[in-house]
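Here come two complexes built around chain A, the first alongside chain B, the second alongside chain C.
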Partner chain A sequence: MMTALLVLVSTVVGTVLSSVLACLPGLHVYNVMGAMAMVFFALAERGISLPPEMVLPFMAGMIVGWSMLNTIPSVLLGAPDESAMFTVLPGQKYLMLGRGYEGAMITAVGGLAGVYFLVLVVGPLAPRFLPVAQSVLRDHMHWILWVIITYILMSEWPKGGNRGPAGWAKFFDAWKTLGAGLLTFFLAGLMGFILLYRSPISTGVAFQNIMPAFVGLFAVPWCLLNMISGTEVPKQTVSDSLDIDGDIILRSVGAGGLGGGIAAYFPVVTGGIGGLLAGHATAQRDERIFVMSQGVSKLVYYVGAFMLLFVPGLGITRGGGAWMIKGLYTPRTYGDYYMILASIAIAGAVSFLMMSPLSKLTIRLIERYNYRHVSTAALIVILAMVYVVTGWIGLFIMAVGSGIGLIPVLFGSRRLNCLGILLLPIACNMSGFGHRIAEWLHLI
Partner chain B sequence: MKGFSHFISGVAAASFCPWAVQAATEGNPLYFILGGAFGILPDTLDFKFYRFFYRHDLYIQPDSLQPDPQAIADALAGAVAQAQETGKTVRVKLNTIRLGADYWQQYVIKFDSDRQEVRVKFGPVVNTGQAPVPNSQPEEPAIGRSKLACPVVQTYEATTRVDIFDGPTFGLEPDQKGQVLLHFLPWHRNWSHSFVVGAFFALVGWLIWSWQAAVVICAAYAVHVLEDQLGHMGSNLFFPITRKGRSPGLHWMHSGDGIPNFGTVWTSCLLIFWNIYRNMPNPLYHFTFLKLILYGAFIPLTAFGLAHYLLTRRQRAEKQEIDNADEWGDSMAN
Partner chain C sequence: MPPTIMPGHETQADIHCSHCGRFVGALTRCPHCGARMSKRMSLRAIRVFAMALATIGLGLLYLMSTHRQIPSIKIDEIKPTMNFAYVRVAGTIQGETRLFKQGGKVRSLTFYVDDGSGEIPVTAYRAQAEELAAEGRIPRAGDRVEAAGSLSVSADDNILMRLQAPDQLTIIRTDLPITRLAEIDESLLGESLAVEGRILKIQPPLPDSKLPWTLDLEDESGSRTLTFWDDAYAEIADKVLLAPGAIVRARVSVSSYRGKLQLKLGPGAALEFPQAPAAQFLAAGLGVPAGRPRKVEVKDLRPEMAGQQVRLSGRVLSIKAPAADSKEPYEVVLQEGDASVQVVYWDKVAARLTQSKPMIGVLMQVEGMVSVFKDVLQIKVNRADKIVLLDVMPVSEPVVRQSQVMEIGSIGRDRIGSVCTVRGKLGEPQSIRSGVQYSLTDDTGSIVVLLWDKKVQGSNRNALKAGMTIVATGELVDYKGVLELTLPSDQALQLEE
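Now for the complex of A and B:
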């Protein structure tokens, strides 16, 4: 009984804490969890070890709460992490039509549907089927990653070249966006090689190695764009009901569950990539499905990756959260697995209930203060966070990342190409020639 | 079909080659990359290269401030007359009407063979997702009509909707019977969607890599052409041997339909999985192809269908009504 109460309280505390933190733009849950892990290690060194029934549900609550509530800055403040990049455009459309609350809540319904999907569908089936899939696919992850990279690079649509007489001028106009996308991918990939083989970040905060680059690639350009464009946010309406039905929810779960599932299972594939693949695979056009499926995808990606660590007989670790937990505790039993499933269910319910009041609070904030000022404040918070964690060198890396991240913003190409920072070096390493490229670049 | 369906079909085609799976197990991803890349290449050639060099004889640019359907109808009828008079194919490009960063004025064109006229009607303003903006549908939409100088024979669909990004092209080709054949997007699925061109790329692949790479390239390219043949437009299957044009498709599906696209993707994933499994030297688990289909397709799809039925049955009962939309997408009851 005491154990159940401990699990319940830890889950709720973790969820509430991360739900509030999720409203801060640019702050990633893995950064907070990393800091928490350092605290747990420090306590253990002093002979104070916290029971797994406290640590694991707390961390599960952190991830679920953040995955659900991070929709608020994505939709209402426009400073998304990369996995939310597909909610940005339709989400911002909702905001600009005065329906930001509705957009945020539709995404949250998707998140809640994702919790149902994980706990009621994936949860019971995973121990039986995932070990089989893993035994077949284990040696093939590298080429799957290369195939995904190939698709990302080949599937971008030319946005220009629609007017004027046929010829090279039209061709070059169209290829401006495509060329910018390719340039972004390879520059980000080069940056990834540098950070992987010769990172200037001190070893004391090595777990935050990639954070300044990610902030630069994804969060800073969006803040800058908001500040420069001087967007005027119209008055927001808080509606009593959402324009969704069972069909939309189910189709969103189908597309988002597939995308998030791919991202959670395959290494280095992120929620944004999973969302792209699932969107193309299911050929969805309805904007409500698009927005809601991103809520599903994001939750299934982050929480599903964390959950995989606990699936009995699977033995894989995916995502930053799972890697941090693995350093603290190695799950072994079905008891651990069921405890995590219960924590996910509780955290899903708590975080969904927090969604409405926190969305209303944020809307009040952006209505009271100029959107440009809110974006400026968000940028200052991000800069401060990077400086506190990684110092001046982190700010320098962030600045370089921002330069690369601004290319797709300015040329209208896909921001997903910024993920070259992870995809390129890791795919090269998985295929066994990453070291040779690093040598050729004089990094080792 | 959608690009991703073609891409994953190409990867699935590669997975049928034992050397591709063997090389991948040893760390070489080449054959699977070639499968995916050449699976999508025919559309890449059309949409990212050829269409920018395709010359048009007439550009129809509607005025975004005062869009006039009659002007568009007259221009199209004029192009048909020109084709008939000169005996030469006339290529017409219709431009889209952009109203803002995310807003486009939709308009629909219909060549009516019975009345021998072309009709143009303005519809709602749509966003880039092609979803109508609320309250933008005109109550009494303006319609432009213009008589055609000769009968026009459709080779694709009777109605063409113009809305986002790039507008369509019509190829108006006069024939011996005094009619004009209307080809939709004449630059698409022409030379690029040919088995012969696929074989040429395979030959190049052989010279660069090996005969194994050539087989993968040829298979992936051919799968794309065959899949497109299931749709309405068809392809020029043996260009340059068949220079005349596209063979008609089987009309089983539209390229953007959700179910065929998802079905292709899912089937391809299952086939890839099976081909990897059957090439494993010492598999830890044992299952048959039938079992894979049962657990990988039949049970999940049945469960999804059942859940969909349970979640939507009330809505269906409320919304059940006769579909009375005409080919313009409007209600015929008005």
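Now for the complex of A and C:
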């Protein structure tokens, strides 16, 4: 009984904490979890080890709360992480029409549906089917990854070159965004090779090797852009109802569950990529489905990847959260699995209930304070976190990442290309020639 | 005069002079009053700035990383926060390297490094493991090594180093001191050590059993039993020397089985013959106490020797299986130099020849009684363990013999149990449990060619592709009514295109 209470309290505390932190634009839950993990490791070194019934539900609550509530900055502050890339435009449309609250709540409904999908559909089926799927797919992951990379690069559509006389100028205009996308992918890939094989980050915090680069690639460019843009946010209205129905929810769960599921299951594939693949596969045109399915996809990606660590008999680790937990605890039993499912369900309910008050609070905040000032404050928090964890070298890596991350933002190509930082080196490694490239680059 | 405001430019303050209010357009200084104009920053400039930051920054990061030494650490310094760290450790190899094979290929290998402060398993996967194995750079017990790779640290102190590049493993070979057999006791359980001794007896595993090979060794202090598995046997380089009387040196680990101490050989490469020529001279045959049957050369056999027990060896020149339901024996012709002799054995022996089934071209040793039947000198063998394949993978004499190629259509059920050589075009591979099978087709018909993972490993198998013409030699077997050619080794394959 006491254990159940401990699980419940830890889940709620983790959820509430991450829900509040999720409202800060650009701050990623994995950064916070990384800092928490360092605290746990430090406590363990001093002989204070916290029980798994406290740590695991707390972390589960953190991930669920952030996945649900991060919609607020995505929609209301326009500073999403890369997995929310599709919510930016439709979400901003809601914001610019004064319906930001509604946009955020529709995405949150998607998140809630994602929790139902994970707990009631994936939860019972995963221990039975996923180990079989894994044994079949294990040897095929490398080429699947290359197919995904090819699709990402080839499915980007030129945004210029459709006006004016034919010639080099028109050609370059057409290739400007595509070229910027390719450049971003390969620069990020090169950075990934450097960081994976010869990271200058101190070995003592090597588990956060990629963190400064990710912050630079995704969080900083958006904060900077918000700071230099002159966008005026119109007055927001808060409605008591949402323009959705059961059909929209089901279709959103289909598209988002597929995208998030792909991202959660395949290594290195993130929510943004899963969303892209599922979006193209299901071709849902309704903007409400688009927004809601991203809520589903994001939650299924982050929480599903975390959950896979606990699926009995599966033995795979996906996503930064699971990697951090693996350093703290090795799940072994169905008891762990049921505990995590319970935590996810409880955290899903708590975070959804927090969605409305926190959205209203954020709207009040952006109406009262300048949109740019909020972004500036967020940027300062992010810089401080990178410095505290990784020091000056981390800030330098973050600055380089920011340069690469700004390219797609300024040239109008997909920010998804920044994921070359993981996709390229990992795909090369899984295909067995990553070390050859690293040798050629004199990294090893 | 009121300022001219163009449609659509109502909100663009920076195209009007902030001092006199008149239109200045893109100019940076007002042409009317000379005031300096502050302009919004061009997006193009920010783009250039971003590209420059990315490129220069990445270049600097690259230089910084490549000019930085991989940090060397002590194993007991590894903490959970060091997961993914790329570090270097130096120490001594504990135990023998474990090789994990699949489909005849090395999939991974693991060895343990002890630097005095602790022990860490170092693992190389796929390409790296294959490269190390191909180069013969497998660390052995007692070797000094320096390895660099990425750490994987999970809960419960589960630490592993992944070797990312074969070049980042430096090995300084060290020979372990020889431990006398009598000095091996319970206190050495789990330890790796080197032993040297003379082979007293070799016991191959019984057909269809899952038992290991056992080798009784003795030195001047005492005797011990050494065990190893079939896969280690396949890796022993000089199998021809593996015979009673031969001196061997082996790196082994001490283990206990049913309360009895035994020495476990790791990979086959851990067994060496320090006095190779002498050992060859002394070789008397597997499972045979030295000195009992008389060793003779084939050319020395005479009809007057009928009734004598002899031991001889030679390459298999031909094999003739008896027709179904006949009482005739199997007839194998052994050739040694220019001389040859017929070896005969019956079904009860043939049925037990799992490990030692004769194949054309292999070097075989037999022990039996000299007899004369219809004026032909024969060696009669009445026990399966008296037939031993000394060299199942002859390098100098490939198993495949082009001169014995037969048409696939001519192969009937009457040849079941005999060795056939065929040439044809390969069909698509079909994976089966523990192996792969192809259909082989020539102008007269087709037959299934079966390659077991355990038996057929090597470059020929790896190079097989559908549509390729090959020559294959193997034993004809009947599997659920289908005739299949089972290949004994990689040398039983010859690729023609």
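One rule holds for everything that comes next: the second predicted complex is superposed on the first by the 439 of 444 C-alpha atoms of A that agree within 3 Å, B and C clash if a C-alpha of one lies under 4 Å from a C-alpha of the other, contacts with A are read in each partner's own complex, and residues count from 1 in each chain.
Here is the rule we go by: contacts are C-beta pairs under 8 Å (C-beta built on N, C-alpha and C of every residue); 3 or more make two chains touch, one makes a residue touch a chain.
Just so we're clear, the structure is a prediction, and the values are computed from it rather than from any experiment.
Residue contacts after overlaying the shared chain place A:Phe411 against chain C, while chain B stays out of touching range.
Legend: residue contacts after superposition of the two complexes on their common chain; A:Asp243 is shown touching neither chain B nor chain C.
By the document's definition of touching, both partners, chain B and chain C, reach A:Gly432. When the two structures are aligned on the shared chain, A:Asn209 is found in touch with chain C, with no touch to chain B. Contacts of A:Tyr329 after superposition: chain C is touched, whereas chain B is not reached.
Common to the chain B and chain C interfaces on chain A are residues 432. Those residues of chain C whose C-beta lies close enough to touch chain A in the complex are 41, 43, 46-47, 50-55, 57-58, 60-62, 64-66, 68, 70-71, 73, 79-87, 126-128, 148, 150-151, 153-156, 158, 164-168.
Within the complex formed with chain C, the residues of chain A that make contact are 37-38, 41, 44-45, 183, 187, 190-191, 194, 196-200, 203-209, 228, 323, 326-330, 396-397, 399-400, 402-404, 406-407, 410-411, 429, 432-435, 438-439, 441-444. Across the complex, chain A meets chain B through its residues 90, 93, 129, 131-133, 135-137, 139-140, 142-143, 146-147, 150-151, 154-155, 157-159, 161-163, 165-167, 170-171, 174-175, 178, 245-247, 249-250, 254, 277, 280-287, 290, 431-432. By the touch criterion given at the top, residues 2-5, 7-8, 11, 24-25, 27-29, 32-33, 36-37, 40, 44, 47-49, 52-56, 95-96, 102, 127, 129-131, 165-167, 256-258, 261-262, 265-266, 273, 276-277, 280, 283-285, 287, 295, 304, 307-308, 310-312, 315 of chain B touch chain A in their complex.
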